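The data blocks that follow each hold one structure.
Each of the two complexes below includes chain A, the first together with chain B, the second together with chain C.
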Partner chain A sequence: MRRVLAHAGLTAGALIMLYPLLWMISASLRPNNEIFDRPGLIPEHPTLGNYALGWSSTGTSFGIYIMNSLIICAAVVIGNVLTCSLTAYAFARLTFVGRKTLFALMLATIMLPAHVTLIAQYSIFRKLNWIDTFWPMIVPSFLATDAFFVFLMVQFIRSIPVELDDAARIDGCGAWGIYRRIILPLLSPALVTTAIFSFIWTWNNFFSQLIYLSTRTRLTVPVALRGFLDATGSSEWGALFAMSVVTLVPVVVVFVIFQRRILAGMAHTGLK
Partner chain B sequence: MNTFSRRTLLGLGAATAAAITVPGCSGKSGPMRVSWYGPDPVTKALNKALDAWKSSGGAEYSAESAPFDDYWDKLATQTSGNNAPDVLRMSMSYFSDYAGRSALKDLGSLGIDTSGLDKDVAASGVADGKNYGVGQSSISYSMYVDEGAIKNAGGTVPAQGWTWDKFAEFARDYSGSVQGAFGSSDQAGNFQLFEVYARQHGTEMFSDDGGKLLTTKETVQEWFQYWADLRNAKAAPPQNVSGETTGIEKSLIATGKAPLQFGWVQQVTFYQPLVKSPLTVLPVPQGKAGDLTGQFVKGLDLWCISAASKHPEDAAKLIGFLLNDEKAIKAIGILLGVPPSKKARDLVSADAGSAGARAIKYVEDLAGKVGPSPKPWPKGYGELLTGFDRIAENIGFGKSTPAAGAQEFVDLAGKTLGQ
Partner chain C sequence: MISRLRQSVPAYLFLLPWLIGVLGLTIGPMLLSLYYSFTDYALLNTPEWTGLHNYTALFQDSRYLHSLRVTFIYVGVSVPLEMAFALAVAVLLNRGLKGLAVYRALYYVPSLLGGSVAIALLWQQIFGSDGLLNDVLGIFGIHGRGWISEPGTALWTLILLRVWQFGAPMVIFLAGLRQIPDEVLEAAEVDGAGRWQRFWRVTLPLLSPVVFFNLVLQIIGAFQAFTPAFVISGGKGGPSDSTLFYTLYLYQQAFGNFRMGYAAAMAWVLLLIIAVFTGLNFVLGRTWVFYGDEGVRR
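Right after this comes the complex of A and B.
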């Protein structure tokens, strides 16, 4: 009896959480004038017109925006996973001059509001002639600039027993070998977390993509989605919701695939 | 290996960085960039006009666009990063900020042909004696009225619009005779409509140098009181309803709950598709019947050239083309507002029954009857715009009174203006 009650409560909670998402899907299937008319979930005159409209209405196929976003996301994921783990390894395991100061400096960059560095960054990228290219989004991730991930991995590596390093050293591993053969495999849960968050955050990152990209065929999904809304004119809500649904698909897919990996990763970390 | 010390390495690194940076510094200038804000139809229309520019032998260009709110984030970053587009669309709300920070070029010597433009529009971008922008459109404030709905409710619509007193009377009658509807949406927070009301009280809203609010506290209070009375009489909706009916699709007129809406004249084309019967464009209410001197005709969106532009001549030619070329005019239609020249209006208003043609006719009828057009909105205008709305909302929710609200606004203006 208690289980039934618990399940009923949980189901109700889940439905409440899901309602906005379901509403969006339902709205994407309605003609424009019906969207704000009724609060219910079942469209009266369901149509796929919004999908066709949204896909092509900007004059550039929405597929191009998705492709651009995927390219940037893939590069950022690779960059963050490779370089943040390497940096974290150095901070956690190697001794070098100024380690503590540098670590503190790195943490300080987390606390710096993005707006403070925005214009300086923009100037640098302009001097490099990288405005209106993907480089301003991609290159920083290959320089381990995302201090949050570095910090996450430093903490994780600190929890790995140093004895494993010592054992590897006796077997003839250098610093690089220890990173490659010991740390990286044990780090996989943190790597997966980094990959997922890098992907989702980059996929949804509107501001820098707005600032740095201009040419229509180079725009990304969040920037293109905003194009359906404009305070000074009529907004294409139907097309917006339809393309939002489309946009969700890659995120959900990535999450579902990687979630299994997280669990697998968890299982591997246990010391035997 | 001893020679390869840490210091040499650092030096090498610095040299490499310099080597990478220097070619960037000299600046590959690239083609002229054109940038604007607006919804998708605006972008499509301008792209078509730019195609016409290219096929008539115009210089290379690249186009950028963004929705209104995002555009300003991007333009501010580009401007401070010394990378502003050459030709840019500027709104009067931000014009003084950019012109005052010398981000815009003086167009005086660039020879843009503005001879065909309405005089007030051609001069819309003049600040401190220099011309920083050319108006894209001739627009004025207006109300769009669903005459069919009003006739069904037994009301009549005066040809020149209402006086404020008659308007209140009408709104009360309408709300009384149509179940669940309001005579008007609540406009208490509409700063731009208030500017017309303030001018009907004898003064411009701002002093010529933009440093002071000329409108008195009494006028502000009277305005807030006017709408509070309409809300109390149920002639205008309560604040919680107004809060949920922002945006064109959700507006009371689109959902049939009010017979009229206020806005800049060209926006009637956004409301018309959502209302079944044709919308009539009327002047906003007046103090004295038929006296329209509170209103003005002005270009509120401008074409500007950034001060740092490397292609000022081409940019000037392009602006001239967009204003005067027949193909460009036809491509743009009334998407940027009612066209600013007689020639363009005649070219565009061919489709006589459309909302666009009614908007054009409204502006032409108004010319000669309106008052002198005010100076460009001062620095800090954006802050007053949002502040006014916030104060009106507090009054609407009963957290403040018209008197206290008026004082709050006057204080805000004192702090914001003349900085």
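Right after this comes the complex of A and C.
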């Protein structure tokens, strides 16, 4: 009896929490005059018209925004996987002068609020003529600035037996060979976690894309979506919801595929 | 010494990208923005030294002080609520119910999507005067109001949006709860401890390092919240500045008014505030975080 009650409560809770999302999907499938005053989920006259309308109504195809977002996401994923693993390998396995100090510095940057570097970064990127380009979003990821991932990988590498390194060294591998042939293959679960979170966070990242991008054809999904109602000059709520659903789909798909790894990664490191 | 330095060469080659990043994109810009905070700088001019003027001006700026108040209310209300929900649901889920993985995934979905612009826009509709919430209330004959357009309630919709995302700390709590050995709880039961006593006297102390970890992370994150307030208020922080988050005011000063020096001073004060709160957490944490059992040590 207790169990039935618990299940009933948990299901009801989940339903209430997810209701807004379900309602948004339903609203995206209705004509505009049917969206308001209808809290139910079943559209009376279901239509895909909002999707067709929303896709082109900002004057630039929504496909362009998605492409821009995907380019930035792909670059960030590659950058983070590559440079964070190099950094993590050095911290976890190599001995060098200043290791403790630099490691502490790396940990401290995890907690650093981005705003304290924001203004100066902006003025530096402006001098480099990088405003209104993708570089301010991409370049930092090739310089291992997301220390969260470095820390995640350091923890993971420490759980790989050192004997494997020693064996490779006897076989004639240097530091690079050990990184390339031993560590990198064994690190792949952490690399996948890093790739997933890099993708989701970059896809949803609004702030830097807002301040750096301005030309309409260079906008990314979040920035385009936020200017949607201004750009269409009307309250096309149906079309807006349709495009909102489109922007959420990639994240949901990634979540469904990698659910276990995402939740395990969260549990291990407290990533948000 | 020379040979130790020589030994360090390979490591520094591996660290090269990170070193460039940490110097060029973190420490350098930090110091540069510290310098800007003592100047009058509008991006196009050369920065002009004004000493402490930006900092003294901050504390005479009533909008700034207001944004501090809004942010403190937001952090102070949403973080404890979010943590309480996360803990309660995690404890409920941890009782060996079937379908744990499904519930865990469903409750996590809002955390996954919650920070996006799409959800902020959805929130704007739900809590609008003819939005979803008022439609639902209408079924029960309750006449709602414009939750987002009225200064008295706008901030609360943002607090609710954060609490809605309790899934992320919940997942971490669940992982922590799993590490508590059953024997400990059974021993307490044998000794006659009831359900509540077991929770307060056994589960919670053993979970306290995880609670602490979550608390620190959530507070740091909440102070930096930006997207929902920006999207829902159309970038203005309205109505009547009731959703003027700290970061939103910083954005307005930097990229609306191009008062870069002023915004840099705001950023440094924010860093200090977060550092003080994190430090305070660590000091207070000593009184309630329990590190006695190897089994739960992170």
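FYI, the second predicted complex is superposed on the first by the 223 of 272 C-alpha atoms of A that agree within 3 Å, B and C clash if a C-alpha of one lies under 4 Å from a C-alpha of the other, contacts with A are read in each partner's own complex, and residues count from 1 in each chain.
Just so we're on the same page, a residue touches a chain if its C-beta (ideal position, glycine included) is under 8 Å from a C-beta of that chain, and two chains touch if they have at least 3 such contacts.
Since we're looking at a predicted model, the values are computed, not measured.
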Task: Examine A:L118 and indicate which partner it touches, taking first as chain B and second as chain C; both and neither are also allowed.
output: both
Field: First, second, both or neither for A:E236, with chain B first and chain C second
entry: first
Message: If we overlay the two complexes on their shared chain A, which of chain B and chain C does A:G172 touch? Say first, second, both or neither.
response: neither
Task: In the overlay, answer first, second, both or neither for which of chain B and chain C A:N33 touches.
output: first
- request: With the two complexes superposed on chain A, say which partner A:S57 touches: chain B (first), chain C (second), both, or neither.
  value: first
Message: For A:A14 in the superposed arrangement: first (chain B), second (chain C), both or neither?
response: second
- prompt: Given the touch rule stated above, what does A:I211 touch, chain B (first), chain C (second), both, or neither?
  reply: both
Task: Using the superposition on chain A described above, determine whether A:R126 touches chain B (first), chain C (second), both, or neither.
output: both
- request: Check the contacts made with chain A and report whether chain B or chain C touches more of its residues.
  value: C
Shared chain A surface residues [contacts with chain B and with chain C]: 36-37, 118-119, 122-123, 126, 207, 210-211, 223, 226, 228, 237
- line: Within the complex, chain C is touched by chain A residues 3, 6-7, 9-10, 13-14, 17-18, 20-21, 23-24, 36-39, 83, 86-87, 89-91, 94-99, 102, 105-106, 109, 111-124, 126, 140, 142-145, 150, 174-176, 179, 200, 204, 206-207, 210-211, 222-223, 225-226, 228, 237, 240-241, 244-245, 247-248, 251-252, 255, 259, 263, 266-268, 270, 272
Message: Can you tell me which positions in chain C touch chain A when the two form their complex?
response: 4-5, 7-8, 10-12, 14-15, 17-18, 20-22, 24-26, 28-30, 32-33, 36, 43, 89, 92-93, 95, 97, 99, 103-113, 115-123, 125-126, 130, 132, 135-136, 138-139, 164, 168, 171-172, 174-175, 213-214, 217, 220-221, 223-224, 226-227, 230-231, 247, 250-251, 254-255, 260, 263-264, 266-268, 270-271, 274, 278
- line: The residues of chain A that touch chain B in their complex are 32-33, 35-37, 57-59, 118-119, 122-123, 126-129, 131, 207, 210-211, 214-216, 223, 226-237
- request: Could you please specify the touching residues of chain B with respect to chain A in the complex?
  value: 20-21, 23-25, 28, 33, 35, 37-44, 47, 62-64, 66-70, 73-74, 77-78, 80-83, 247-250, 255, 267, 270, 273-274
